[in-house]
Each structure stands twice: as structure tokens, then as C-alpha cells.
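Heads up, the next two complexes both have chain A, just with different partners, chain B and then chain C.
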Partner chain A sequence: MRLSRDFRGTLIVAFCGLAFTLVAPEVLEFFTIITLSQVIGLAILALSLALVWGFGGILCFGQTAFFGLGAYAYAVTATNIGGSTGAILMAILVAAAFAAILGYFIFYGRVSDVYLAIITLTVALILYSLTRRTSGPEYKIGNALLGGFNGTAAPPLNLPGDAGTVLFPEDTFYVAMIVLILAYVFCCWLVRTHFGRVCIAIRENETRAELLAYDIRLYKLGIFTIGAALAGLGGVFFCVGVSRVTPDVFSLSQAAVAIIWVIVGGRGTLIGPILATFALHYLTASLGSQALLNANLVLGIVLIVFVLLVPKGVVPSIIDLADIRRQRRVARSRERRLRLRRTRNGSESAGVAE
Partner chain B sequence: MNRAEIVLETRNLSMHFGGVRAVDRVDFSLSENELRCLIGPNGAGKSTFFKCLTGQLRPTAGEVLIRDVDVTGREPHQIGALGVGIKTQVPNVFEGLTTEENIWISARRWHRSSRARTLTAETIERLQLGDVRSEPVGRLAHGQRQWVELGMVVAAEPWLVLLDEPAAGMTHEETVRTAELIREINRTAALIVVEHDMQFIRMISRRVTLFHEGGILMEDTMEAISADARARQVYLGHRA
Partner chain C sequence: MDLVVSLALQILYGIANLALISLGLAIIFGMMRVINLAHGEFLMLGGYTVVIATNNGVNIWIAMLVLAPLVVGVIGVVVERLLIRWLYGRMIDTLLATWGLSLLFIGLVTSIFGASTATTISPPLGVITIGAYTSSGYEMFLIVVTVLLLVAVYATLKLTTLGLVARGTMQNAEMSSALGVSTSRIYMITFGLGAAVTGLAGGLLAPITGILPTIGAVYIAKAFITVISGGMAILAGTATASVLLGGVNGIVAFLTGPTIGEVALLVTAIILLRLMPRGITGTLFRKSL
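What follows is the complex of A and B.
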């Protein structure tokens, strides 16, 4: 029963996403559509963190490390081989392999939660300063100049197997949206599998999971690596949307906003952080066009408000509200039925008395 | 005792914390289908001994053998993978998950999906947890949480069960039912039960091991231990 309810929810969200995909290019401006591809990349990053943190219980502060590595891997590979299909696979592979190695040392070394957050953030910041120092003609991989803080050009997507046919921005938007929807459905499926449920159980109580004969290190490494692969995929659409990838993907503020999206959208849900990414990106973008308020200041206030007033995040709070209302409705109808029966019994007994 | 019947054995097992010898050169053995209680005053070393058996602590010296396999210093999940069911002193449950999900996670470790589902339903029936099937375990009363944890142990169908204070904090009625359940588990598995509650031990035990100052003081029936002068002095004397 609960399974089918969850499945229905996933389908509804997927269809809404599909409807948005079809309608958006008709109603939105061309420039907005170009920006959206880039936001979709960020939304995939938020989804990956929602999976790793919200379901795996692993607070990975430096999820952007994998996101940025994916972006750089895509840009460098696409520049070298002159096609995007292999480059996308390369981006996923590089991010996942890097996470698998890093995660091996973290989880098999039994590094605790707080240190994991610090280590992953530090890794992102190390990548930030490393990539910033790559200006100059000697820093290149194949034909791709890394370009220091200016970054490197990210070639557009093309049709698979046909490097000459470059996709238009609208087509890129379609591809990005479909990938986002598929990634979302994949994550929904994953958390319902045996593997996913064990990851949730580990989040709830590591000792118990271990005593039930689950090797928690392996499960954590698994979900961490899957999350990194998704983040790498997000990096691809981000850099294609911007047409460049710069060291800023590894910056502290980028790592922080990813965490904010998940907090605002709600940990323990997959759709929440995705929606929060779109909403907060829209907010900061519209604030960017005026000079009265600093966008980062507003983002900080949003974070504080949420931590204090809506600590569970938007989507879980809405679900809670809906549950409470449903319970109240059930209770009310039960009461009404009882009252009805009582009055009926009352009239019967009155009849007997006559 | 016939060697072939021994399912769990420690040889010269020691656990030292700095200068404190919490467990000191303990030789212990448990045979097939046995139900053994470990008792002793606070600080006697029974819980430390228990944690050395379950892999939660790595002993300073000595060996732990399960069915003649040396498992000293193995991780808890490796001990669990041998078919050993473990319940810790502090209730360890998955707070945010429902009763059903808690028990399913345990059953699914060993069985395919459909069998795990039936086994979960059977276990819930057996422990009379049907009313709280869909409740998050974090919201249950203490006694029920203990049973959910016992349910997780039972659902894995272990052949060796280690329980640390299974009746702690339970009402008398709940304690009686737990004792029944433990005797039932004993039909298919050997058990070690660490306990404080003397009444509870009288309900379940045949043979009792008395710990004192990190070592085994004596091993006998509860009646014999109650009658023994040394035992009274270290332990029962405080209560009698």
C-alpha cells in the first residue's frame, strides 16, 4: 500500500517534469531557456546531495568536488575527442572513480561524520586552488588548456555519433530536463531497493545495521560513489549551459549553496532539493538585477529562517501538514458516524419507551 | 563436555583499559542448545566480555572461537554473518523506520524478497507487535522497542544468540513474556544472556556463570549459586 503510494508520487512528479519540459520553451524567453540548462545541472547536484545526505546520512560538504570534476572532465574530453557522448560518460566515470578512492579511505578508515564533512570540503577547496593555478600554456591536457581562473571552454552537446550536428540551446534544455527526470526516477527507485533501504537503516543506526551483519562501510561507499557519479553528470549540464567551466565550481560559496538547497527543500526527500534549487536560483537571479540588497545576504537570511522556523525543509513540512489534515478528517468522519449511530440508538430506545 | 558440541569458546580472553583489567584471562565455553546466563555485580566485566564476543571491542589478549573458527578481532558484521544474533544493552533500533521495516531489514539480509516479507509478518505475529506494525519505532514505549530489537534478532533465524540485558526497564508482565520468548528461541539456538534481574534469571536459566572482578568466580545452577557463601559475599549478599 505504502509502496504504491510512493510509486504514484514518483510518477506524478515525473509527469509534471515532462509537462514543464514541453511547455517551457513555448512560454519562456530564449535567454531563460539557456540559463535553465545550467540550473538543471545544479538541480542534479542538489539531487545527488539529497541522496547522499538525506538518505545515506553522509553530510558531504564538498559534493561540488565531484560536480566540478565532472564538468572539467567533460570539457577536457569533449575538446580532445570532438564529441560529447563519450565526454559525458567520462565525466561520470571520473567523478565516481575519484569518490570511490576518497570514500574508501574515509569509510574504511572509519572517519566520523564531522570529519567527513570537513575532509570533503577541504578536497573541494584544494581542487579550487589547484585549478586556479593552471593558467599558462604549459597546463593543458591534450588540446584542452585548463586556463587558470578563466577556466576552459566547454563544447556544446552534439547528436550521439555525429560530432558535426551540434544541439541548439532548446534541444540542450530538452536533453537536460529528461536527464534530470530520469535521474530523479532512478534515485526514487534506488531508495526503495534493498540496497537503498539498508543505507537508510545505516543512517538511522550504524551499530544496529552492523549487528545485523551488514558491512556498513561498503554500503556507505556505494551510495557515496553513486551520488558522486550523479554530481558529475550535473557538472556536465552546468558547464554546457555556461559554455565554460571555471574553478568557481569548487569554491566555498558553491559548496555552501548546495547544502542550503537541501536544507530548504528538505532532507529525506528527493524532489524538495530539486525545487529549492530552481526557486533559490530564481530568487538570487532576480535580486542580481537590483542594487538594494546583496543576493548572498538574502540567501543567508533564507538559510537562517529555514533552520529556525522550518528545520525539516519545505517538502517534508508540507507532507506533515497534509498528514495532520488527513488524520483530522478521518477522526471527524468517525465522530460523525458515532454521533449518527448514537442518535439512531437514541430514537430506537425512545420508541421502546413509548 | 564433548568438544564437538561446543559452539562458542574463549581462551585466556583479556580486555584491559589502561591499568584496569576489565576482563582477565577468561576461559569460557558454551555448548549446543545451551541457555547460559552471565551474572555479576556492576563492574564485574560481563558487559565487556559480551562486547569482546560480538566484535564491538577488540580483546587485548586471548581468543574467541565460534564453532572452532577464530573470530578474535573481527568486525561485528562478520560475526553477525556467521549466523549470530546480537542484542545490545542500550536499545539499538532504527528509530525513524516502522516496526515492519526494522524487522524486514533483518530478514532481508538472509532471504529473497518474498521470503523476507513472510518472515517479517511471522515475526510480528510471534512478538505480538501487530498493533504497532506501521508506527515509527522511535515513538514506541521502551518495552516495545526492546521487543522490536528482539524481533530483529529472531527474524535473522540465528543459531547462536547473544543478549545483553534483554529485560532491562521492562514491567513484570513484559519480563515474563520476554522469558517465554527466550525459552522459545532456545529451541533452535544456543543463548548467552547477560542479566541483572535475578527473578528473570530464575525464570529462564539452567546454568549460570558468575563474574567477579574480570574473571569467572563460579559456574553452576542458580540454586547452587544462591546457596554458595562466596557468591553471596560478592553479589547476592548485597541484596539478601
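What follows is the complex of A and C.
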């Protein structure tokens, strides 16, 4: 009963997303639509982190490592084979494989969560300094120059099996939006499967889950790898939206904003981080157009304020608030019913007495 | 022979560099179990202090050795009082809050001084000739300073009352507060000292690397990896991890180039953590400082 009600919520959100997809190109400017494709890539990144951190309990500060690897893998593969479909699969595969290897060392070494945060962050930062150094002509994979600081060009999407038919920016927006919705529904489904519930159990209490004979290392590695695959997919849409991929995808500030989206949106929800991505991206974009307040400054303040004052994030706080109100309402109506019954009983017993 | 000496000095400098940038982080982490993600920005602030002071006519040695640690130490104390002290025991929240702080510092410095620096300072010492090879005198100076700094931290922890109380607090905060130690004050002083050491390191490195608001990102990955590989013991951990990682990095970088050298550093650290999840000093030298 509870399960079906939860899933109804997912479907409602998905339909809202679908409605937005259909309406947005009619209402918004063309430029905004192009920008939105990038933001959707970032939203998929936020979703992947929401899954890994909020449901797997894995504090992955360097989720951007997989995001960036996905973007680079897509750009390089698409440049070499000339089509985007195989390149997208490649991006997902590279990100997942890298996460599986890294995760093996982390989870089977039983690295605790704070160390894990720092290790993943460090991996992203090392990738950052590595890709920045690849500026010479000798650094190329197939036909694709890695291009160091300037990065490499990311070819646009095309129809599956037909490399000649390149999608227009509006079509790219549709595709990205549908992928985001599907990814969201997939994550909602995943956290309700047996696998997902075990992951949540591990998040709540590792020792207890282990005593119940679940191999927590394997489950953690599983959800970590799935999250990385999603992040890689996000990287594809981000670099298609920008039409370039630069080392900045691995940078410290990129890793920071991903964390901020999840903190602001709320750990333990999937829709919160997605909405936070859109909202905060809008905020930083409008801050970028004026010189008074630096975007880093504002993001830093947002992060500190949320950690100190709203540690649960926006969406869970709203849900909590609604829950409290509903409980009060239920309590009040129950009290009223009780009082009513008591008075009725009272009058009946009075009637008998007469 | 000359090549060997020159290479050895180069590797030694790499090791000293790692130890220098990690020591402040290790002090704060080892003492307070707080991983300071604004560590890179403390280094950056140390660098800015030196550049601004020398541009205003202060002697460069005074700027590097006195002003940089002083300014960043004071900033550290302020940060501890305003932010960190509300978050003790909530390790993940301290990580996030210091990350916010890191962004805040980058934003502030960018707003005040701009995204790039026009003026830089050059290393104050000349070159040293070893046979057919030359080596930077300033790098030699940094090796000496790092060793002195490690000795000074060791002496402070081992020989002074403050060090004794701090070590006691590190082992068992409740017990030491029951014995009349103000643990809150000890934490404040420790954080300030860690920040001061970091500021000193940032100031000393400023002539070599130049400074930018975002320069912290260059150091921070290496500093974290060193401290985490080292484990809980402040000095032994930092020293052993620096020797291991700096050595691997130096040798591989000599053989193949700096890019592969950094990869080797990272891979070594990850394999090390697979074998010793609590760092080097979690397995070896457990009684050390």
C-alpha cells in the first residue's frame, strides 16, 4: 500500500517533468534552451550523487571524477567513431569501470567514510591536474587531441545509426530531458528494490546489516558503480550542451557545487538535488552577469549556512514540516471524534437511565 | 655522480615540499579529527600576505617567516571560534563547512585582489652549482626549513606544557577536561597553530609557485593524500608518507615525466590505503607522535 503510494509520487514528478519538456521550448528563449541542456547534464550528476550519498550513505566528494571521465570518454569516442550512440555507451562504461576499480580498493580496504570523501576528491583533483597537462600534440587518443587546458571538442548528438543526421539544440534538449526523467524514475525504482533497501539498511547501520549476512562491501561497490555510470551519462549531456569538454569538469569548484546541490536539495530525496541544481545554476548564472558579488563567495556562504542551519536540506525540511502539520491535523480530528463519541455515549446512557 | 647528487636533492626537495604543505593539515587532523578543506586557501592566504607585504616595502624574510604565519594563524583562530567550534564531533559537517569556507575565501580574495596577480616575487637565493648541474638555492633553503619546522613541532609537543596538555586532550578529551583543562581553548590554540604552520608554508612557497586565488587547489590534493596515507600520528605520519609518496613521485617523474609521476603518487597512495586502511601510522610506528 505504502509502496504504491510512493511510486505514485514518482510518476507525478515524472509527468511534471514531461510537461515541462513539452512547454519549455514554446515559452523560453532559444538561448535558454541551449543552456538548459548543460544544466540537465549537471542535474543528472546531482541525481547520481543523491543516490550514492543520500541512499548508499557513501560520501563521495569526487563524483565529478566520473562525470568528467564520462564527458571525456564521450568526446574522444565520438570524435573517433563519428557517431554518438556508441560514444554514450562508452562514456557510461568508462565511468562505471573506473568507479568499480577505485571502489574495489576503497570498499574492500574498508576505508571509512571521511577518508573515502577525501580519496574520491583527491582522485578528481589529480585527474584535473593530469588533463591540464595534456596540451601537447603527443597527447591524443585516436584522432582526438586532448588539448590540455582548452579541452577537446565534443561532437553533437546524432540519430542512432545515422551519423549524418545531427540533432538540433532543441532536439538535444528533448533527449536530455527524457533521459533525466528516465534516470529519475530508474533511481526511484532502484531504491525500492531489494538491493536498494539493503543499501539503505547499510546506510543506517553497517554493523547490523553485516550481522544479517549482507556483504556490505559488495552492495556499496554496486551502488557506487551505478552512481558513477549515471554521473558519466550526465557528463555526456553536459559536454554536448557546452560542445566542449575542458579539465574544469574535474575542478574543485565543480566538485563543490555538486555537493552543494545535494546539501541544499536534501540528502535522502532524489528530486531535491535535481531542483536545487536548476535553482542554484540560475542563481550563479545571474550572479555571473554582475561583478559585485563573486559566485564562489555566494556558494560558500550558501554551503556554510545550510550546514549550520538547515543540515537536512530544503525538500526534507518541507516534508518534515508537512508531516508535523498532518500529524497535528490527524490528532485534532481524532480528538474531535472521541469527544463526539463520548457525548453521544453519554446521552445514550442518560436515555437508558431514564 | 653529479647527476646522482642533483637527482637526490631534487627528490629530497619533493619530499620536503610534501611535508611542508601537509604539516598544518596534519596538526589539525591529528589533534582535532577535523579535516580542514580550506587548507589550500590557508596556504593561498599565506602567499598573499607575503606578496602584499613585500610590495609594501617589508623585508621578504620578515614577510615570509613572521608575517605569513601570524596573519594566517589569527585567521585560523577567528575561523575556529566562529565556525568550527559548533561542529565538533560532526566530522562530515566540518568537512562541508570548511569546504564552504574554502569557496568563501576564494571568492573574497578574487573580489578584493582580482582573479590574477600582476606582481610576483622572485626566490631570494641564487643557484647552487653541483658539477655540471645547477640547483636552486631557495629549494635547499626550503628543505632546511622543513626539517627545522618538524623539529620545532616535535619539541613543542614533547617538551612544553602546552604540548603535554594538547597531547592529553588528543588522547582523551573528556579525561583532560575532568582534570581542569579547557579543551575548547586547546582546540582553538591547536587550530590556530595548524593554520600558522600552513600560512608559513604558503608564504615560503609563494616565490616559487606565484599566487592566484585558486592556487590552493594545486596543493590540496597532495596534502590530503599525504595526511591520510600518514594516519593519525602527526609527525611520524607526515614524515613517512612524505618520504614514501615524494620518493615515488620523484623517481617516476625523473624516469617518465611529471604527469606520470603524479599518477604514480596517487596509485601508490590508493594501494597503500588498501593495505593499511588507517594509514601508515595506523599499522606501523603506532606509539609515535
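Quick notes on this one:
Keep this in mind: the second predicted complex is superposed on the first by the 339 of 354 C-alpha atoms of A that agree within 3 Å, B and C clash if a C-alpha of one lies under 4 Å from a C-alpha of the other, contacts with A are read in each partner's own complex, and residues count from 1 in each chain.
In this text, contacts are C-beta pairs under 8 Å (C-beta built on N, C-alpha and C of every residue); 3 or more make two chains touch, one makes a residue touch a chain.
The model shown is predicted, which means the values in this text are computed figures rather than measured ones.
Of the two partner chains, chain C is the only one touched by A:129; chain B is not.
Once chain A of one complex is fitted onto chain A of the other, the partner contacts of A:304 are limited to chain C, with no touch recorded for chain B. When the two structures are aligned on the shared chain, A:204 is found in touch with chain B, with no touch to chain C. Touched residues of chain A were counted for both chain B and chain C, and C has more of them.
Within the superposed three-chain model, A:330 lies out of touch with both chain B and chain C [touch as defined at top].
In the superposition on chain A, A:294 makes contact with chain C only, while chain B stays out of contact range. In the superposed pair of complexes, A:256 makes contact with chain C only, with no contact to chain B.
When the two complexes are overlaid on their common chain A, residue A:114 makes contact with chain C while staying clear of chain B.
Considering their complex, residues 59, 61, 102, 105-106, 108-115, 117-119, 121-123, 125-126, 128-130, 133-134, 251-253, 256, 259, 263, 293-304, 307-308, 311 of chain A touch chain C. Those residues of chain C that touch chain A in the complex are listed here as 35, 40, 83, 86-87, 91-93, 95-97, 99-108, 110-111, 214, 216-218, 220-221, 224-225, 228, 258-259, 262-263, 265-266, 269-271, 273-275, 277. On the chain B side of its complex with chain A, the touching residues are 54, 56, 75-81, 86, 88, 92-97, 101, 104-106, 108-109, 113, 134, 149, 152, 156.
Residues of chain A touching chain B in their complex: 2, 194, 197-198, 200-201, 203-205, 207-216.
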